[in-house]
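We call the chains A, B, C and D, going by the order they appear; numbering starts again at 1 in every chain.
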Amino acid sequence: MNDRLSFASDYLEGAHPSILKRLADTNWQKLPGYGFDEISLAAKDKIRQACHAPNAEVEFLVGGTQANAVMIDALLQPYQGVAAADTGHISVHEAGAIEAGGHKVLTLPGHEGKITAAQIAELAGDYAADANHDHMVMPGMVYLSQPTEFGTLYTRSELQAIHDVCQQYDMKLYVDGARLSYALACTVNDVTMADLATLCDAFYIGGTKCGALIGEAVVIPDPQLLPHLFTMIKQHGALLAKGRLLGIQFDELFKDDRYIDIARPAILYADQIRDYLKQNGYQLYGSSPTNQIFFIIENQQLARLEQQVAFSFWEKYDETHTIIRFATSWATQKQDVDQLCKLMRELA
Amino acid sequence: MNDRLSFASDYLEGAHPSILKRLADTNWQKLPGYGFDEISLAAKDKIRQACHAPNAEVEFLVGGTQANAVMIDALLQPYQGVAAADTGHISVHEAGAIEAGGHKVLTLPGHEGKITAAQIAELAGDYAADANHDHMVMPGMVYLSQPTEFGTLYTRSELQAIHDVCQQYDMKLYVDGARLSYALACTVNDVTMADLATLCDAFYIGGTKCGALIGEAVVIPDPQLLPHLFTMIKQHGALLAKGRLLGIQFDELFKDDRYIDIARPAILYADQIRDYLKQNGYQLYGSSPTNQIFFIIENQQLARLEQQVAFSFWEKYDETHTIIRFATSWATQKQDVDQLCKLMRELA
Amino acid sequence: MNDRLSFASDYLEGAHPSILKRLADTNWQKLPGYGFDEISLAAKDKIRQACHAPNAEVEFLVGGTQANAVMIDALLQPYQGVAAADTGHISVHEAGAIEAGGHKVLTLPGHEGKITAAQIAELAGDYAADANHDHMVMPGMVYLSQPTEFGTLYTRSELQAIHDVCQQYDMKLYVDGARLSYALACTVNDVTMADLATLCDAFYIGGTKCGALIGEAVVIPDPQLLPHLFTMIKQHGALLAKGRLLGIQFDELFKDDRYIDIARPAILYADQIRDYLKQNGYQLYGSSPTNQIFFIIENQQLARLEQQVAFSFWEKYDETHTIIRFATSWATQKQDVDQLCKLMRELA
Amino acid sequence: MNDRLSFASDYLEGAHPSILKRLADTNWQKLPGYGFDEISLAAKDKIRQACHAPNAEVEFLVGGTQANAVMIDALLQPYQGVAAADTGHISVHEAGAIEAGGHKVLTLPGHEGKITAAQIAELAGDYAADANHDHMVMPGMVYLSQPTEFGTLYTRSELQAIHDVCQQYDMKLYVDGARLSYALACTVNDVTMADLATLCDAFYIGGTKCGALIGEAVVIPDPQLLPHLFTMIKQHGALLAKGRLLGIQFDELFKDDRYIDIARPAILYADQIRDYLKQNGYQLYGSSPTNQIFFIIENQQLARLEQQVAFSFWEKYDETHTIIRFATSWATQKQDVDQLCKLMRELA
C-alpha cells in the first residue's frame, strides 16, 4: 500500500500534526461531554468569527453523510423534498440516507456538478403552477456542494442568484462543504465563509477531507432557526460523548487562517499536475480548479498507470478511454507530486 | 474545571496513551477508507480472537446510541419492537432514536437495570397468546446492557436463560456493552466476550468509555445474519471515511488483554470508594460491582460535596436525601481516589 | 355467524340506512375527487357548525389508526413524543403505527383508561427539570380518547385542566373520538363537540363505529395550524380518490342531530344491560357509562355463554373469573337486548 | 357540475349498482371485522381463481397510493430502492409516500409510461458493477403500472423479459393495476391476471377506478413471501375495521367476469372517441389503447372546449397547443360519448 504513490482521494492520511499534538496535550484534562467543554466552545467561537456570524449556532458532526442527513431532516418539513444536482453526493453516494429520513431528493441535471438558479426557479415554479401539486413533493430546500463532486465552484453571484430564488419560493439553502478548504484556498474562488453565512440557511465546513481525523462543523447563521437541533443530532445517533474530539480539531484548524492555509499547497499541486498533464498531451475532463483533477486516459496507459499510482476511477469515456481522478490534499508531499508528474510524462 | 476533583463520568479524559501514540505513528500512512485499511482489518481479527468467534462480522461505529440505532434497525423486521428494561439506555436517553427508526421499545420493569428471562418469556408468551396480537407490536428482540445503567451484571446463567427464551420465541438477543471492559475486569463477573459471542445475535464492545476517544465495535457472530450491514451503516450516516481512526483504537485496545487490563484499576478504585463510603456511614444504593458507585447522601452534605467534587445526580431519594453517582474509569488516578475518600470522610 | 347473538363490538353491521340511500341517490353524479365535491364540502360545513368552529379545517380519513398516525405525525416535531394512557389505543393496538412515524408513545398509567392533568404536568415537569432532557424525547402532545377504551368519559373540567397543562408546557392536545357519538349521547356526559373544538388542537369524530361504513372526521379548530395537511394525508396513503364516499356519510350523519341521536338507544340498551347484570348478581368491571359494558364472569358460566352470544374477551380476572365486554351500537336491536338479558338471567 | 359533460377521470361516479345492492342486502348482517368475514373470504377466493393462483395471499386495501406504499415497504429491505418509470405514479404523484417509508425511487426514463427489461438490466448491472455500490441504494424491486399512466400496455413478452431480469438480479417485480380492468378488457392486451400471478411477486387489482367505491386487491402469489403483511397493513393505518366494505365490493366485481365485462364499454367508447378525433383532424398523443385518450388541441379550441366538457390538462405541447386527456370508465354513458363526439366535431 505504502510504497505505491497514491492520489486516490483526500482522506488517505491522518490529521494535521497540530491536532495530534493538541489531543496529546489535552488528553488528561477532565472535560464535560457532548460538546460543552471549553475547547469546543472556543472552536465554535473561532468559526463564528471566520464566518462573520457572531450569533450562529455551530454544531460538530462526525461525517458528511451524517451532516447532510441530520441537517436536511432538520430543515425540511415532512412533506418537503430537497433539490440537488443528479450528481450530488446525497443523490448518489449516501445509500439513501435522505430517503431513510423520509425525504425525496428532487434531482436536477447538473453541469459539472452544478445547478443553476434558473433550474431551481423552474422546478419551484413548475411545482407552484401544477394543479396537482398537493399530490407532489414540495421542493423545500436546495442542496449544493462547494466545491462540487466535480471540483467546480459556485461563484458569489451564482450563489446570490440561487439564494434569491430560494427566498422567492420559500426554500432553504444548504451547502455541503465537505472540501470547503479547497474552495477557499483556490485563487479563482470568490465565495468566503462569510458569504456562505450570509446566503445560506445552513452549511457545513468539512473537516474529514481538510486536515481533521473526522468531523464537520455545521453552521446555522440564524440561531433561532432550529431550536432543538441538539436533540435531533442525538436522535440521529450523531452526538459524541467525547465532543472534545471534534472541538479540539476545529479549534486547531481555525487557529488564524490554518483551515485555508493548509489547503493552499493542495491547490498549487493540483494546478501543477493539471499543467503537466496538458503539456504532455492528456485531455483534462471538466474545469475543476480545486484539488480534484479529472482527465481522460487511454485504456492501455491506464493499465500501466495503475501499477504505479493509486487513483479514482471516475467513469468510462469511450471504448478506449477512461476518465480518472487524482486528488491532492493538505497532506500531499511535493516529492510525490514531482514523482507523479515524471510518471505521467513517461507514460504519455 | 480542572482543579476540582471529578468522578462525574467515565468519559472525562481523552484516550489511552497507546492510542495517541499509534495515531501519531501512522499519521502519514496512506490508508484506504471506510474501514478497509490493514489496521482496521487487524483490529477486527483481534476482536474475533478475543470473542472466540473466528467468522464474526465486526464493524466499528462511533458511539453507543448510533450502535444501538443501527443494530436494532438492522436486526428487526419493520413490524417488530425491542424489549428492554424501562431504565435501559434506549428506553430513556437516546432521544427517541429507536422510534425514529420506526420501532417501539417494549419496556419491562427492571430491577437495578436488569430484566429476567421470566419477564421476557411472559412478554413473548402474552403476545403469542393474545388473540389480537396481529394488531400489536411483535417482540422481535431483547436489548440488555452489560454492565447495566445501574452498574449491575448479568451472570452467565442469567444470560443463558434469556438466550433460551429468545430462541424459544424467535427473538434476537443484543447486548449493549458501552462499559463492557468494566464488566470483564470485575472479579464477580462470569461472562466473557466468548460467552457473549455464543449467546447473542449481536453485541457491541464499548470503546468511548473504555479507553478510546470514540468508537464501539459491533460483533455479529454469524456473518450471514446481516448481509448488507455496511450499506445500512452508511445509510444511517454512521460510516467514517477515515475508518482508520476506529481501527487504530481497537487495534491498540485489543493488544493482549489491554481492553480488560486498563479497566482493572477502575474496579479496584470503585471497590475502595464503596468500602470507604460504607465505613463512613454512607448507604450504598443498589449493588453495582463495577465502576459506577451509587449511594445516598443527605442533601446538606451534598451541597458541600459539590463544592469540591463533580459527580452525577442520579435521583431524589426522599425529601432530605439524594442518590448520586461516582464513576471511575481507565483514566482514574490513585491520588484522586485517595483525595475523594478523604473528602468523603471529612464530610461524613 | 348470524344466528348467534352478537355483542362483540360496535362495528358489526354496515351503515345507517340514510347513508346507503344517499350513496344510491348520488351514485351517478359526476363529482370531483379528493374531497372537493360539493357533498364533502357541505359535510365539512355541518361539522364546523356542530363544533361551533366556523373556521376549522375538517378532513375525512378512513379509520382510527390512520387518523391517529396522520395527525400525531402532523402535530409533532420530529424530536417529540406523545403522552398517552398505557391502555390507549395508540399505546397497544395500532401495531406500532406511531413509532413507524418516528415518534415515541410516552405512556402514563391510566385509571379506567383515563389520565389526569396532574400526571401530564408531572411528566412535562420532570422532563423540563431533568438536566439531561436534551437527550430525551420531549413530550409534545397529549393523546386522549373520549370515550376511553374502557368506556369512561373525561368531564369538561378534567379536559379543561388537561388543556391548561398543555398550554403551560406548550403541548398539543388531541382527542381520539372513535366512539364519540356514544359519549355525546350519554346522560352523564358534559363535553360537547364545541368544547372539544375549544380545548383541543385537533380531534376526530368517529364514523366507523358510529353509523358509517368507514370514516373519521378530523377537526382542527385553527385552520392555520397545519398548512399542508392535505399533502401529509396523501403521503400517508390516506387520501381517497372518491372522497365523496366519506363526504356523503358525514353529510348524512350530521343532518340535524343524527350523529348523537342514533347513539342514544345504544346507551339506553347498555344501561339496561348493566342494570340487568347487576340485578342478576354479576359484578360490573369499571364504571363505563357508555356503550361498552364490562363485567366479571365465572369461567364455567363463560363457557356456556359463548355458545349463545358473541362478546369480547377483555382480560383474566383471577383463576376462576374473566372480564368480558359487551358492546351495543347504533345498530343494536331491542329484541337482541331483551334476548341477551334473558340469557344472562338464565345463566346467573 | 352535473350539467356539463365530464370525461375528466375514471373516478367521477360512485360504484357499480350491484355493489350498492349488496351493501344494502348485507347491511344488517353482523360480520366479524378486519376482513375475516365470510364475504371477504369468498371474494379472496374468487380473486385467487381469476388469477389461477390457488394459494395466493389476497389483501384488500383502500387506495392506490396506500397499496403502493404498503407493498413497496413490505417487499423491500431497508437498504433497497424501487426502480420505476420517471412518469410512474410513485415517482410523481404520491407526495413522497415511498420516501416517507424510507425508500428511494430509482427513476428510469419512460417511453409512454413504460420501461424496458434492457433499462432495468442496465440499472441493476451498473449497480452491481460499481465499485462503490455499497454506498448506493440497491435496486431491490421494479414497479410497473398496467396500464401505465399514459394508458399503454406491457405485452406478455415484455413482462416476461422484465420478470427474467428481476430473477437474474434478485429483484422483486410489482405491478400497479389501478386501472387493470381497462387493460384486461382491451382487445390488444395479451396479459391476463394469471400471467401477472405467474410473473409478479405482487400486484394489485384496482377497484377505485374500476367499478368500486374504494378498494384495491393486493395479490401475492406466494403466500410465504410476506408472513406478517397483516400487521404491516395495520401499522400503515391501512386496515379497515369494517373489512366487509372491501370484501363486498370485490365479491361483486369478481362475480363471473364482471371485473372485465364492465370495462369493455369504456374501451369501445374510448376507441370511438379516438377514431372520431382523428377523423376530425385532431392529433392523438401517444398510443394508448385503453380508456385514457390523449390528444393535442389548439389553445383557442381548448378555451372553447372547457366551457362544455371537463377533461384533464396533461401538459403543454408547444406555445399554441396543449395535450389533454379524456377518460372513459365503466360508468360512461353512450349518450355522453355521442355528445362529446358531436362537440369535438363542431369544435374542429
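Criterion: a residue touches a chain if its C-beta (ideal position, glycine included) is under 8 Å from a C-beta of that chain, and two chains touch if they have at least 3 such contacts.
Note that the structure is predicted; figures quoted are calculated from it, not measured.
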Labels of chains that are neighbours to chain C and to chain D: A, B
Between A-C and A-B, the pair joined by more C-beta contacts: A-B
Pair from B-C, A-D or A-B with over half of its contact pairs in common with C-D: A-B
Distance from chain C to chain B - Cα centre to Cα centre, in angstrom: 42
Approximate Å spacing (C-alpha centroids) for the pair chain A, chain C: 51
Chain centre separation (chain A, chain B; CA means) in Å: 34
Interface hub residues of chain B, defined as touching at least two other chains: 78-79, 94-96, 100, 102, 134-136, 231-232, 234-235, 239
Interfacial residue positions of chain A with respect to chain C in the complex: 73-74, 77-79, 102, 134-136, 138, 228, 230-232, 234-235, 239
Chain A partner contacts - residues on chain B that touch it in the complex: 1-2, 6, 8-9, 11-15, 17, 20, 23-24, 26-33, 38, 62-70, 94-97, 100, 208-209, 213-214, 231-232, 234-242, 244-245, 310, 331
Residues of chain C defined as touching chain B within the complex: 78-79, 81, 92-96, 99-105, 131-132, 134-137, 313
